[in-house]
Amino acid sequence: MLSANDFKKLIQHWAEVMVANRDYLIELDSHVGDSDLGLTMGDGFTAASRAIADSDETDIGKLAYTAGKAMSTAVPSTMGTLMASGLMSVGKALRGKTELDSQGVADLFQAFFDGVQNRGKAQVGDKTFLDGLYGAVESLKVDAAAGASMTEAAKRAAEAAHRGFLGTKGMIAQFGRAAGRGERSRDLLDPGAAVADLLMKGYAEFMSGKAE
Amino acid sequence: MLSANDFKKLIQHWAEVMVANRDYLIELDSHVGDSDLGLTMGDGFTAASRAIADSDETDIGKLAYTAGKAMSTAVPSTMGTLMASGLMSVGKALRGKTELDSQGVADLFQAFFDGVQNRGKAQVGDKTFLDGLYGAVESLKVDAAAGASMTEAAKRAAEAAHRGFLGTKGMIAQFGRAAGRGERSRDLLDPGAAVADLLMKGYAEFMSGKAE
Amino acid sequence: MKKIINTPEKFIYEMLEGIYAAHPDMVKFVGDDLHCLVTTKKVPGKVGIATGGGSGHLPLFLGYVGEGMLDGCSIGDVFQSPSAEQMLAVTKEIDSGAGVLYIYGNYGGDILNFDMAAEMADFEENIHVESVVAGDDVASGAPVKPGAKNTRRGVAGIFFVYKCAGAAAAKMLPLEEVKRVAEKVCENVRTMGVALTPCTVPRVGHPSFELAEDEMEIGMGIHGEPGIRRGKLLPADAIVDEMLNQIIDDLPYRAGDEVAVLVNGLGATPLEEQYVMFRRIDKVLSEKGIKIFHSYVGEYATSLEMAGASISLFKLDDELKELLRAPADTPFFKQFSY
Amino acid sequence: MKKIINTPEKFIYEMLEGIYAAHPDMVKFVGDDLHCLVTTKKVPGKVGIATGGGSGHLPLFLGYVGEGMLDGCSIGDVFQSPSAEQMLAVTKEIDSGAGVLYIYGNYGGDILNFDMAAEMADFEENIHVESVVAGDDVASGAPVKPGAKNTRRGVAGIFFVYKCAGAAAAKMLPLEEVKRVAEKVCENVRTMGVALTPCTVPRVGHPSFELAEDEMEIGMGIHGEPGIRRGKLLPADAIVDEMLNQIIDDLPYRAGDEVAVLVNGLGATPLEEQYVMFRRIDKVLSEKGIKIFHSYVGEYATSLEMAGASISLFKLDDELKELLRAPADTPFFKQFSY
């Protein structure tokens, strides 16, 4: 089970992951965008984590909404706003929940996905963050239905996210600065999908750490 | 005697002199000013001459005023306006005169001098056109009182103008762009005084040509 | 590029301090945040109009906040979107019950943040928000198909949207009417720009692109987005012809149409040159039988110290003419009714 | 420097064609000469105010012709005086029996031509002309001694002279009163500029001077006349402090004084940077106890595409305040009364 306290720790772990991958994300974004992604994700998740770290709130939905708002205030870049939208969507979907089982976690990431998609209007295949997250959410849903352990499910979801990220090579960007390059965007990996990859990898790390 | 017709020819000769000395004046002005003096004097006296060339007017004053106005319209640069002011001042002073004797010519150049001085407010010694013309006017006045021939008087006036021009080396400019240089203007010859030199030289040539 | 600034980090903050100090009678900030600017002259019952976007485009965006135009504006760092939170702060302040219209340019970051702000305004504050996204730059995408999503960037033509929507709101029209006017203006405005030199974002410290000493780029965006043709710098008339023909063909504008014209300097191009351009526009339009109703020449949407200019045409009908000629009084745009 | 022009020879002519085409309701030309611009809204019985000077300084000079400001303007080629004949044509057109006031900057060529025009207006047309010569640039000469000839150049501060004299004439005051107002403004305005880059006169084709990539020149004139100090480019606050202190000490402006402030961009300096400067001015003046009555920030007197700015202070009393806040409607300067 994932408690409200776990959720706060998960967000904190994500912040650490983003800070640790600052230069990696900057490098990826420098080929297609304006090189700010490493900075905005580090700053954004750190702000999200700070906003809830000392909270006594046990409602995971409320925590997610608060974290999302803090993120949006801290980094109004494209990915900053999308991640904030994801968190706020989780907030609305999980309002009232104080702990999550396998299905709850699948719901969480589905809500995150929906929040990003509703905000950004991109489709799977448009070479965005969504392509990184999509397979992971599907994997979580299948594992939840199959009754797999949360740690196992997290591990498989992270693998799916990584495949999704790698799969963005070959797609033509339809959104963001990369879209301006048209056909020339095909050979590049999408930086936003790399963030999805990192988020799922971070979640898997967190769950396996908890299990130990 | 200098008739209205002679006056028209004198102005035409001045135009030719200025055009012939275009590069000389440009060169002089390039050291202190904006290098336009050769162009403005050529254009200005040509415009003045054209404005009266075909006129049947016998009033020298009216001819001078018309020539001055044409000059001012054609070249609103400093020297253009000053020469126009000189001619218009001659126009007012000689209104009604149809021919000029020695004294009349002295009056003409005195009026020219006064017109320039009233407009420009410079004093002799300020390193301007006036320093070129001043000695020439004095010489004309002395010769007129002494009854010298007009040709002789013209020759001596031209010599005086040339000395006046050379004498501007050593003066500190108080007017125009050269004034901005202060002490550093001392070693330069004043381009406006060169115009006075050319005008008096032109007048002497014209009178000796007439005498032949 | 040489700049009169203190540090790149404080550039926008200090610029904003200057704005409030210079125009205390016209604008103030809310939420303790200089980036959230609103008019001092709130009109009860009026639809509020907000805009926003990145800094570096003055008089865009905040220069048009004032009587007869906009009510509020949130701005971000140089060429960066402000946050949804900042937009929300402005929205809350300018709403007086009649709802709020967002008018902003078609840029990814701005869209996401304005959409989020609209959602928060509705969800948290129960404020009715509508949005109109301006995308007038014909160089930045295929012609807009009716009903389809406009992929074009918003540039100087947004001035006309502000002006007419602002006048409609000043007439106390309801939100849906003000929105209708704003959309109608968007449908009738087309713009194209030309860049002669790049600009330098202070924090970045070097020019955003390079252009050789004898080159220009037709169609470049106001953040240096690639244009449609880079080539030798041409005479003014040839530049105007190339831009204007593409603008005219796009809507298209036809003989008999009446238009407003906007010649907009991007920052370093003297007003004299903008008038040389306008002269040619006037000639070409008159040859084509397109009548000029009114003309605006000057800096309306800049790109820091970029050299270049844009041309916008705005096709008018009686309703739009009346709104365009209405008075306006803002820090940067003042107009007596004409 | 890259320019959007056709040929250097036609630059000013075509710019003027653009001006008349863009503002047909506000300005027209007389004497078949585009260089002679007058308002379309002549007011019978009003003192006419004319100005003039070289081109390349838009909105100076002709941009201020309109209601509440000037009635006519003659302009020359880039940085060159117009002719007396052209000034006379404007003078004849704008006189409606109450006489004409010339207001222009303290430059040799302009003085000679305006003086000649005044003489011709009197001699040939029997029009009463008075002249006020603005010389507000404290960097260009020793402080003005009472009664003595002012050797300082006229720069952006002339805007205040136009504004107040224009308002006085609009009040239908007689010529000597309008002249008194103009002189009073001159006595109370001081300006200093800073240049970061040169500009290029189109016909000359190369920059009028050189400034290294890390240099600025404090006190440079708007035609590139030498300033008082060339040195490393400093932070905005240091630049402002250096200029402002010399301005303040010159009049001097003292604690308790009320002033209007003008921050003027020379052409290529973004409005953002002008506001960063204004912010510091506001701070310094408030520390010194000098109160800001009203502020103007933007391009009021430029030098083609020169980068840089000037600061002007204008000390006010009740009469001047009333005149300053009066409405004005010209192609470039519009103000509702405040």
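Order of writing sets the chain letters: A, B, C and D. Residues in each chain are counted from 1.
Everything that follows uses one rule, which is that a contact is a pair of C-beta atoms (placed from the backbone, for glycine too) under 8 Å apart; a residue touches a chain by one contact, two chains touch by 3 or more.
What you see is a predicted model; the values in this text were computed from it and never measured.
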{"item": "Smallest number of contact steps required from subunit A to reach subunit C", "value": "1"}
{"item": "Distance in touch steps, counted as few as possible, from subunit B out to subunit D", "value": "1"}
{"item": "Rounded Å distance between subunit B and subunit C, as computed from the means of their C-alpha atoms", "value": "59"}
{"item": "Between subunit A and subunit B, centroid-to-centroid distance (C-alpha), Å", "value": "87"}
{"item": "Between subunit D and subunit C, distance of the C-alpha-averaged centres to the nearest whole Å", "value": "29"}
{"item": "Per-residue multi-chain contacts in subunit D, two or more chains", "value": "none"}
{"item": "Junction residues of subunit A, two or more chains touched", "value": "none"}
{"item": "Graph class of chain-chain contacts, one of line, ring, star, complete, other", "value": "line"}
{"item": "Set of all touching chain pairs, with the criterion as stated earlier", "value": "A-C, B-D, C-D"}
{"item": "Touch list for subunit A against partner subunit C, complex", "value": "69, 72-78, 81-82, 84-85, 88, 119-120, 175-177, 180"}
{"item": "In the complex with subunit A, residue positions of subunit C that touch it", "value": "76, 80-86, 108-109, 112-113, 115-116, 120, 225-226"}
{"item": "Touching residues (chain side subunit C, partner subunit D) in the complex", "value": "2-7, 11-12, 14-19, 21-23, 25, 55-56, 58-59, 63, 194, 196-197, 213-214, 216, 233, 235-237, 239, 261, 267-279, 282, 292, 295, 297-299, 302, 304-305, 307-309, 327, 329, 332, 334-336, 338"}
